[in-house]
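Pasting in a structure now, in structure tokens, and then I'll have a few things to ask.
Letters A, B, C, D, E and F mark the chains as written, and numbering starts fresh at 1 in each.
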Amino acid sequence: MRRGIYVGRFQPFHNGHLYVIKEVLEKVDELIIVIGSAQYSHELDNPFTAGERIAMVRSALEEAKIPSSRYWIIPIQDAPSHMVWVAQVEGFTPPFDIVFSNEPLTRRLFTEKGYKVEGIPLYKRGVYSATDIRRLMVNGGEWEEALPPSVCKVIEEIEGVKRLKDLSKSDKTDP
Amino acid sequence: MRRGIYVGRFQPFHNGHLYVIKEVLEKVDELIIVIGSAQYSHELDNPFTAGERIAMVRSALEEAKIPSSRYWIIPIQDAPSHMVWVAQVEGFTPPFDIVFSNEPLTRRLFTEKGYKVEGIPLYKRGVYSATDIRRLMVNGGEWEEALPPSVCKVIEEIEGVKRLKDLSKSDKTDP
Amino acid sequence: MRRGIYVGRFQPFHNGHLYVIKEVLEKVDELIIVIGSAQYSHELDNPFTAGERIAMVRSALEEAKIPSSRYWIIPIQDAPSHMVWVAQVEGFTPPFDIVFSNEPLTRRLFTEKGYKVEGIPLYKRGVYSATDIRRLMVNGGEWEEALPPSVCKVIEEIEGVKRLKDLSKSDKTDP
Amino acid sequence: MRRGIYVGRFQPFHNGHLYVIKEVLEKVDELIIVIGSAQYSHELDNPFTAGERIAMVRSALEEAKIPSSRYWIIPIQDAPSHMVWVAQVEGFTPPFDIVFSNEPLTRRLFTEKGYKVEGIPLYKRGVYSATDIRRLMVNGGEWEEALPPSVCKVIEEIEGVKRLKDLSKSDKTDP
Amino acid sequence: MRRGIYVGRFQPFHNGHLYVIKEVLEKVDELIIVIGSAQYSHELDNPFTAGERIAMVRSALEEAKIPSSRYWIIPIQDAPSHMVWVAQVEGFTPPFDIVFSNEPLTRRLFTEKGYKVEGIPLYKRGVYSATDIRRLMVNGGEWEEALPPSVCKVIEEIEGVKRLKDLSKSDKTDP
Amino acid sequence: MRRGIYVGRFQPFHNGHLYVIKEVLEKVDELIIVIGSAQYSHELDNPFTAGERIAMVRSALEEAKIPSSRYWIIPIQDAPSHMVWVAQVEGFTPPFDIVFSNEPLTRRLFTEKGYKVEGIPLYKRGVYSATDIRRLMVNGGEWEEALPPSVCKVIEEIEGVKRLKDLSKSDKTDP
């Protein structure tokens, strides 16, 4: 049995993430999907809570009919130091053989601890960037098509776009 | 849709926990199973990591043929203060309507935040106490029958009994 | 101008504390009353939140007609290390000249940082112990006479006795 | 009885803050004034300690002859996650009915927890910005008129301007 | 080059510790001496600060004429979770090949991360227990002979015995 | 006996640092060299762990034939608040009389706690800037001559340049 790990912030989860998961599941039997920086929420760059992001990933994978026995969804907070982050991930997950990541720090930290690290395939780079999607949400653009319908529904239920818009209203003072 | 929450440390997950989950699933559509005190491990009272406990719960529920769409398994660390613990749980979970717990602090904290709290049914109290099970593991007693077979397998794979026995060896000095 | 400091947990604030404050105010112009271990609440030994304890002290001192210009009420959390605790207190308070305490650790820490430390007068020792008062609250004894009436009112408003009784209900298992 | 809450960093407390407090006290019986980000000090954007800021607010409100029974001054540290911040505020304060804030994050967090949130009236916007006042302190401009005289006295006593100027001296190297 | 690691709290450093270090230095070229639980001080079980303990170890090893090139003295705080403690130690030390410890948790944690762990030789067990030495300090017994003379001098300079005696004075109340 | 303290991040330790230490040792009998921000590593601005930086300083001072009895190398993490940082340093070090620093915050914090603070002599400013050295490492420039040969060897052993280059590879997306 071969198990991989894929770390993301998923702010929000979009079609690019789903594409990666499908591709990576061709290579491993099970995939651990880590909701990283789990403690952050209600920031322009991190609008959604860990709970909301778990709901997004879960509903998207159900919708995509990926059997639940093939993935684990686990939220993990940032560690107090980079030097202990891999150990923290190990403590919150079942054992894994391979790490899928393009993020330089993630790659480096796992590599130094002796893990095999592979890059992830990017699908339609640019169309599916979480930064762009958040910007579209704030500015009123078309963001829905970049997300699985079930994730759009989660965001609607929590009034996620209103939250982002509210957070973006600077009061332009330090009163 | 009615969603409940059930918080435990699951050190380890045993038949009593499984019984509770089955009973409670009669009352709600979905159940959030929180792996509490997720940061603890390698202590006599908290021998297993969050990752190991997630593996236990997951394998037990699969073995019991409970559809994965009906439960969420989410590890949550202790909060720095009791006063923020419920808010932390809310931030790591999807919304829920009812809390199942017999633990006085858990009951009290959720009650004060306005949640409906119900007691959990205890099955064969005494036979299925995690404290007793850990003691049997250390002393070489018969603990396997108190656990679902799939959980025994997880514990075997991680050499959990050896870990507990090692941790119990006091060096009887403060050198 | 001479300013003193008096640190307590005030779980709950009682007549003994009030007596100390009155006595000490004979010796200084202003007194800083620190609500210590401010982060704790909802424990048998620390049932009340910082906010609730501030309300207790404030209402008791108003009731006692002590002019508000003569005291400061400031909640302070425990420091991560004893070695930085005095510095943390200094950072949350205005400057002070003298420390009133009978608590050995508090006395020692302030002494090592060069502060003058004086013992506090204990009034009717034993009658006014917070530990005893909490025990009376749990067991249904007569605790009201040990507290200023205004503090009793605060505790009544927050249903403090019910909280303590709830917290004391052990479920007698580690399920 | 109607109680409001007003959160600020007060780096430093100035006439704009005093104006807000007076206006808001027309609408509520009591106001909780939270000294936010209490743990920060000795930074260009956060030069003053919690203790110093408490002293500023207290002296300004005494000077303005606002009865002390009408306000509470409570320092609160930032929470480890936004998701628990409102709960932390609730734990350090007496109960409140209404939140006064123009700050988007504060507004959003309290709104999501079900609180009524109202904007604060800004007086002479631009004249009374803490950012500008700190800049004037560093550059030697006229900052005193923007602050209540009693706050100027607190800053003088702690040599606050010298601290700011010292902190602004970059050594222009990463030696 | 072969490098070992030896973790202790050294509250205080005594002849038994010195004996261990000498014995262990027969087996390795260099020894990393970790001052564990570095954040604790001013407690009956942890009376001395990290700085004081570094001074003790350093002076004892100089007195014993062990070349400084053969050892490293490094203070390390407890980790937030046992699961990351070894990674934290790795981040504060140069690489090492072998761990010397009799402490069950330390042995277990390093073993699980793949390190070779060896027991330490105990010299005159019972005579050289830090717990006993602290008790003698509080009760006025003969503790000096259990410590290297240079460590006695460090303790004298910081008035360590007075600190311990002060800390042991219970005020026997929860006022 | 006169003891000084010198705080640096030493990312990495270079000839400028060595020059300062030699100069300062003319003025004091012993020097405490604090490895500051010890918890950081694996960032572009803080690439090296505390353990790696201790190894750099130690090897450089041995190479420079400075007697080990004249210096202490102590790693210290950032404090949770600036207000407690000096107290934390005091808790991790032996007593000291004088602080050597050009860093405005360090100077200010020690000055406020009553310490004598002196500037450090800068040697060939610009040639020996850690920021520049890290940039040269990333871009493939000549950085070795700015560092003591023994430090170059440490960096080579840990493949430090490769780490920096890896960390600098932005994936240019927020996937």
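Simple rule for what comes next: a contact is a pair of C-beta atoms (placed from the backbone, for glycine too) under 8 Å apart; a residue touches a chain by one contact, two chains touch by 3 or more.
These numbers come from a predicted model, not from an experiment.
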Notebook entry, point to check: Where the contacts of subunit A and subunit B overlap, which chains show up?
Noted result: D, E
Note to self: Return the chains shared as contacts by subunit C and subunit E, ordered by label.
What the structure shows: B, F
Checklist line | Chain pair equivalent in interface to D-F, over half of contacts matched, among A-E, C-E or A-B | finding: C-E
Check: How would the subunit A/subunit F interface be labelled, same or different, where same requires over half of its residue numbers to be shared?
Finding: different
Item checked: More contacts between chains, A-D or A-E -> A-D
Notebook entry, point to check: If you average the CA atoms of subunit E and of subunit F, how far apart do the two points sit, in angstrom?
Noted result: 26
Checklist line | Whole-Å separation of chain centres (CA-atom averages), subunit C against subunit F | finding: 43
Checklist line | Residues within subunit B bordering two or more other chains | finding: 41, 49, 80-81, 83, 90-91
Notebook entry, point to check: Could you list each pair of chains that touch, in label order?
Noted result: A-B, A-D, A-E, A-F, B-C, B-D, B-E, C-D, C-E, C-F, D-F, E-F
Margin query: Applying the document's contact rule, which stretches of subunit C touch subunit E when the two form their complex?
Written below: 8-9, 11, 16-17, 20, 45, 80-83, 102-105, 107-109, 111-112, 120, 122, 125, 128-131
Margin query: Under the definition above, what is the set of subunit E residues touching subunit C in their complex?
Written below: 39-43, 49, 163, 166-171, 173-175
Notebook entry, point to check: Which bits of subunit F are touching subunit C when the two form their complex?
Noted result: 79-81, 83-84, 86-88, 90-91
Check: Which residues of subunit C touch subunit D in the complex?
Finding: 38, 41, 49-52, 54-55, 58, 62, 68-69, 72, 74-75, 77, 90-94
